[in-house]
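Take a look at the following structure, please.
Naming follows writing order (A, B, C, D and E), and every chain is counted from residue 1.
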Amino acid sequence: MQTYSPFLRRLLAAAIAAGVLAGSAQADVIAATNPSAIPAQAKARKDTIVGAISAPQGIFNPYLFSNGWDENVTEVIFGRLVGLDAQGKLRAEQAESWQVSKDGLQYTLKLRKGLKFSDGSPFTADDVAFTLTFLHDPAYDGDTDISLAKIKGGDAYKAGKASSVEGIKVLNPQTIQITVTEPGATTLQLIGGPVLSRAWYGRGYQQGKLDELRQYSSKPLGAGPYIYDKFIPGQEVRFHANPYYFAGKPAVPNFIYRITSDATKLQLFQTGETDLEGFSINADNIEQLKALGFANLNIYNSSDYSLIEFNHNKPALKDVRVRQALTYALDRKKLVDVVYQGYGSVATLPLSPVSWAYDTKGVNPYSFDPAKAAALLEQAGWKLGSDGIREKGGQKLVVTLLATKSLFNDALIPIAKENFKRVGVELRPEVSDFNALLAKRKAGNFDLATFRTSGLNDPHDGVARFRSTENEVGYKNAQVDKLINAGNGTLDIGKRKAIYHQLYQVLANDAPLILLANRKLLYVNSSRIGNYKPDVFNGIFGSLPKLKIQY
Amino acid sequence: MNQPLIEFDRLSVQFATEQGVARAVQEVSFAIHAGESVAVVGESGCGKSVTALSLMGLLPPAPACRLGGEVRLGAANLLALPPAAWRPLRGRDIAMVFQEPMSALNPVLSVGEQLMEPLLTHRQLSLAAAWQQAIALLQQVGIARPEAIAASYPHQLSGGMLQRVMLAIAISCQPRLLIADEPTTALDVTIQAQILDLLRRLQQASGMALLLITHDLGIVAEMADRVVVMYAGRVVETGSVRDIFRHPQHPYTQGLLASRPVPGRRLDRLAAIPGQVPSPLALPDHCAFAERCPHARPACLRRQPELQATSHTQQAACLLLNAEEAA
Amino acid sequence: MSDDTLLAVNGLVKHFPLYGGVLGRQTGAVRAVDDVSFVVRRGRSLGLVGESGSGKTTVGRTVLGLHQKDAGEVRFAGHDLHALDKAALRRLRPQLQLVFQDPLGSLNPRLRVGDAIGEALLAHGLCPREALRERVLAVMASCGLGEEHYSRYPHEFSGGQRQRVGIARALALQPALIVADEPVSALDVSIQAQIINLFADLKQQGVSFLFISHDLAVVEHLCEDVAVMYLGQIVEQGSREQVFGQPRHPYTRALLSAIPVADPDARRERVVLQGEPPSPANPPAGCRFHTRCPQATAQCASVVPVVHRVAAGHQVRCHLQA
Amino acid sequence: MSVLSLRLPWRRGQAELVSLAAVGRTPWQQALARLWRNRPAILALLFLALMVIACVAGPWLLPWDLETTDALAANHPPGAGHWLGTDFLGRDILTRLLHAGRISLAVGLVSVVLSVVLGYVLGALAGYAGGWVDGAIMRLADLLMTIPSLPLLIILGALLSELQVAPEQRIYLVMLMLSLLGWTNLARIIRGQVQSLRSRDFMLATEVLGLPLWRRLLVHLLPNTIPTLIVVATTGVASAILNESYLSYLGLGVVPPTPSWGNMMDTANSFVDFQRRPWLWMPPGLAIFATVIAINVLGDGLRDALDPRLQARSAR
Amino acid sequence: MRTYVLRRLLGAIPLLFGASLLIFLVFALTPGDFIDGNINLTPQRAAELKALYGLDRPLWARYLSWLSQLLHGDLGFSLQHQIPVSTLLGQYLWSSFLLALVSLLLYWTLSLAVGVLAAVRPYGWFDRVVTLLVFAAMSFPVFFLCLLLIKWFAVDLGWLPVGGMISIGSNATGWDYALDVARHMVLPVLTLVMLQAGGLTRYVRASMLDALAMDCVRTARAKGLPERVVILRHALRNALLPLIALLGFELPGLFAGAIVTEKIFNWPGVGHIHIDTLAARDYPVLMSFTLLLAVLTIVGNLLADVLSALADPRIRLR
């Protein structure tokens, strides 16, 4: 991934922040062969671990940041009430336990005893209520969309018609009860996020006025494993261990996020300036890192997938046969081989292979088949023209493809161009920056668009885009809508799994988009760091409190 | 005659150009005695300025420029001096005044600063003494408000004023020879008269020799004791000013004198010299004036004439002077 | 004004504005030409003499319509030159030509001289294209240039030849009047004589000249009439004999006496003027020459002198003549 | 005095000599002769000619296709079949290099032509017309100078994709944008030249001769500005090629799969490729390096040949 | 002189307004805004946020409110960083300035010295070598040069840090801090010097050649002044006049940040955030920064004029 423009990559990464530092259930570990090769510079750092980060901006509030790198900083400082384990199942963290009513409309969370914020002040249910209320504030402009949790009375508070959110009830300092109007499989994760201290952030808070609260973005107070010290813009973020952390004070006294860039992150790791770093995965990088001798390579499946989206408002692409044909026509295997060099796979489902819902049985894999693609296009009435491009009713089958500049697309574009040409379709790639791509896509000014989803914690996250109420590219299918709502409407994993399996089959036949690839991620740590077990859902944060310096 | 101050002994200067070798000065010999005024007359490109610059060591270094012969100051051959040994002579023993006073002075330095430089360099005066001296010099060249002028910059002064400043700089170290290269060509007639007057007075006061380079025969007649007429890099005639104006021997000198209208003496036509000066890149081996000469004989196209005495104060380089050869 | 008047300049004024201040308003003016009147008669030449800054070049250019006048009148062959529209002025152009001081600078370096001489003939339709070469060669021949020069470029000529080209270019249009602005001062002495002779020849062919020069000897040689300028004004004018023979204005006298004479025995008493000419942006009150005049009186410093006619055709702007 | 005369007496002598020696030659022939004597410049010209020929003819002569990918032949080092090796998609580097040369050179030329036309026309107009026209054009130039070009380029690049410009052509439009910003420098130079030419005697002469306006402009005024134009344009091509590589680095230049020297060099950005596969970035790197040097040397030579007094005042 | 400066200042005012309008239009017309770039938002939420940020208002209203904000000295509030733009720029501007200033001083010194030496003996061996090196340095793509320097000096030789401005976790103060920063600055400064010195050296050389051909230099020699004085006092002072104006033009460059160099060397400069804010369409930052550069350009032009007027008595004493 180093070969493409770092700023675009960073942007992509920002949009998919959760995914970048998330990992798969089981990491393959290629252990260091020669720990004695650890650079002296790293060895000299007896009490500090240095992680890598790309571009934090200094908004260290888990609900106000606008960039995924800031989120990574807040994860260190805040922690969560309810987290995920390495398998993507809910895990108790600052919350000791929770209960969900039968109808899925009432959630009761119980906090751990003696919880404290890092300044030693108590951490109670009232702080949770404050956090959730703040998220409903009319002036709130962060990324978190609390409305998806459908908390009762939330809309009224946001509209200024109520002075509190009706569905939030503090039962006692350790217990909070949330009432919602619709059940949701992802609701618990939404309400079980990081908690803001009312005593710290709530000073001067009034409904509709967040000015003072915002000022604390640069002076964060949380209950996570490390306490924020200092942000040196463009340089590093420094932390020290939190003695009040619920799982005990971390063993390593200091943690630093060093800002690195794609062009030089390998050099920085090699010279010992960083201890933990993420790399784009391919045989080259792995070989290079293995050669260092002191690096532990952790390889695991990511939770995102890449895709080519069809604009369903374009007449040609409304025809399911054309969409299927284009899917058959693309040699995705070659793409994955070239880009990931054995560390990725062709995507069949809109889901990571690590998910409990992953089941490809009976789902059309659309294996590379130009003949079939050509046949489908013939059927759809697109006849070969004299110039080798198919046409129908005087219209050439020419499709534009919106893409950002990235190594993945550097491979995708020539391959797709070549493949499509073979079946009589001309591809016109258009490369722009990510923001412009999304703007164009929103304006409907495209045929195909390719990008990667953000990290997906729940199967619902992977399919929400197909719901006609949320789809921005004109895809509508009543049966799909129904299945998506059903899948999100229950928390029973067994039931959900069956629903999603059916959904995936329907989607495959409808081919609303071309699924491209599931990739793996590569996280590397210097072998001087022990207990490092990154996973897809927690990235480095799962093991951060337990890290130790062994050399 | 006593030992000359400066003696040019068969000086030759050649420039290497893209088109070939330009013979700017060839075999030039003449002498300047102490206190004497010598005028070198000729048209542009005849080598008169190059001759003067060779005296100052201001010609470009080899290989762009090759020098031959000798230029003697006393007993020393200046041309053999290393560049470092040149420097103390310049401005102290030999000073020079140029044609365009506006460009010859540095626009970013005040007149006073430029006037003090030679005093500080050659006479090792203190700053204060140099300043005093500079003011005195300005007074000497007839500048009324010397302090104000010393503090001003060249662009604030007129051409005549600047040429006075140039003269002040030139005489600041009491040189034995002053070279004035077309000192009044850029000036108006009334100012020219002032500067020539000044030049004459300064020379009389200090007893320095003057090498005056000019194309204006009027100025020569007024200023010079002796005249050197140059054509195409060579001396074609030399003699006392009266000899030259009364009895010019060389056809070129004669032509020059006849080609100027004389005030008060009306003629219908001037006696113009036909043709033009030959290129220094392609000088003939014979008399360079032959093609333009009204008296040219076939013999003139055969060889280079040598300077020969026509009287005890006058010499000319023309084959016609040898009646038998010319015939 | 008699019938043989070719050019009549009457009360000509030309000021060049000076701008300054924060808002760039006009703060003053260089009074280059202030109330200048003279006449050039057919077949005769007027020499306009003066030092640099006296405004003689500005007079020449204003007469040619290259500068707009500020006041006064320029009548050429009966036309009020500055009242003509552009097209009419263009039609009149061939009649009224200019020869420059710098022969190289006045020729386009990228044009063959034959084309440079012929182009105006074509542009004015004075000569059909077929006959052009003949005609140009004829003009060139009359200026001492041969056929081999036709297709050369200006940089391939010597200074004198270039000036011949410049003259030929003007001459090709068969002008009635040539304004010659210091046409020989950039040339070497031996070449000057050639060009002066060429002018003399042209005069014999009936061309009139407004001959602008600082060189009194050349003016005396070539011009029947002479006007002497000082700081934008004509201080004395008259026939050659009058101005050179009986100069009346102190400035004219000083000018004449300042010319170095090529005769070592002619040591005469010379009037050396003190000081330098004042700036035309700020000319002295009263007589403009009073600051340098050896005969100035108190009156000269305050009262502007009027033009006195001292003889037929001889005019002097001086209080001493009253 | 001759306008060409330099102030040193020996220089003046030489200027005179030049004019006397070169009898019968047009100013252009003279310039050519001067250029011919400048050996480095001629070598540079030769190199550029070879480069152009190779880029134009090369891709037809080579057996490899520009866009066909071959996963089996990915990242091969230089060898018998692929003389300069292959890239990560198995495409032949030499083929891409030469093809990229076409684009990089064309981009350089096109952008320069555009900015030169703009700069020339506006500069000449401002210089000739003077008055409010001059004022307006120069204020516009001042204004454009205040806008840093990079953000504009990024934004304009985005605008272009909005306008549905085909990707192969987009780079030309990006360069057009560069021209829209880059004309000011040339305009200033030309304006100054036109202003000084206008007041030169030979332009006065055209007025006195009563020549029509078109002739005064097209025959007399403008041809004398051509040498400056050529020199500025030549060095402009060099900086345009560098600009292209810079833009491609930022993802704003030529977009893959269309190759350009700039985006091919992008590979050097991967430390692994940088360390271990020099055949990926060395050829385009050397191509840029050598071409830019050659153009600069040629530009220098042209400057000396066309107008010895025109100094190295190229924008940095 | 003072009226001259005042007149120039007055003339700069309409230019500033023009620049502000142009900058606003360019950014306003760019596809995509701060909200569009966030793929995690539902359409409803995106619409709510656009209203919150005022991105749904008409263009002229947005321009006028931006302008009035500016006239009150308020650069606005960064959407992406959630702090005032002035604070944000303050965080990054000075490290860019430091880097640019140090390289400016170095390459001016270098270019002056080399350019003068080359001009004193034009077409000598020194001049030829310098010309060659200058052309070589001018022909390197920036990023390539950066990577090369990192590979040689940081990775292979290990002499210097790969990037950043201070050592990780360093709490050094005073001299230690300065030394640490200096060590980190070596490579980026070297890059910038190599890139910039070439053109300037050519310029100095040309200007010096002009100056050496002046009559007054010949006069200085004729006065018998030492060659060193002739070159440094007479020729160089004249050669510096056009260069001084150039120095004024460097002003905006001091604050613009060297985008690629800063990026590759991880220098916490403003060039670094420039591209990030652009990708995120953080308009308040972008517009303010661009306007800042525009103002600096205008001031730089003014400074160039004033400086050359001060240096040149022909203008100073007009």
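Just so we're on the same page, a residue touches a chain if its C-beta (ideal position, glycine included) is under 8 Å from a C-beta of that chain, and two chains touch if they have at least 3 such contacts.
On a predicted model such as this, the values are computed, not experimentally measured, just so you know.
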*What chains, if any, are shared contacts of subunit A and subunit D?*
E
*Write down the chain pair with more C-beta contact pairs when A-E is set against D-E.*
A-E
*Could you put a whole-Å number on the gap between the CA centroids of subunit C and subunit E?*
54
_CA centroid of subunit B to CA centroid of subunit C, Å_ = 32
*At what distance in angstrom does the C-alpha mean of subunit B lie from that of subunit A?*
89
*At what distance in angstrom does the C-alpha mean of subunit E lie from that of subunit B?*
53
*In subunit C, what residues contact two or more other chains?*
158
*Residues of subunit B touching 2+ other chains?*
103
*Give the residues of subunit A that touch two or more other chains, as numbers and ranges in rising order.*
7-8, 263-264, 267, 433, 435-436, 440
_Which residues of subunit E touch subunit B once you look at their complex with the stated criterion?_
214-216, 218-227, 229, 233-234, 237-238, 241, 311-314, 317
*Can you list the residues on subunit D that touch subunit C in the complex?*
1-4, 18-20, 22-27, 30, 200-202, 204-212, 215, 219-220, 223-224
_For a test of understanding, state which residues of subunit C touch subunit E in their complex under the given definition._
20-24
*Can you name the residues of subunit C that touch subunit B in the complex?*
51-52, 158, 160-161, 188-194, 196-197, 200, 214, 216-218, 220-221, 244, 254-266, 270, 272-274, 276-277
*Show which residues of subunit D lie in contact with subunit A when the two form their complex.*
67-69, 71, 74, 88-89, 91, 154, 157-158, 161-162, 164, 166-167, 249-251, 255-257, 266-267, 269-273, 275-276
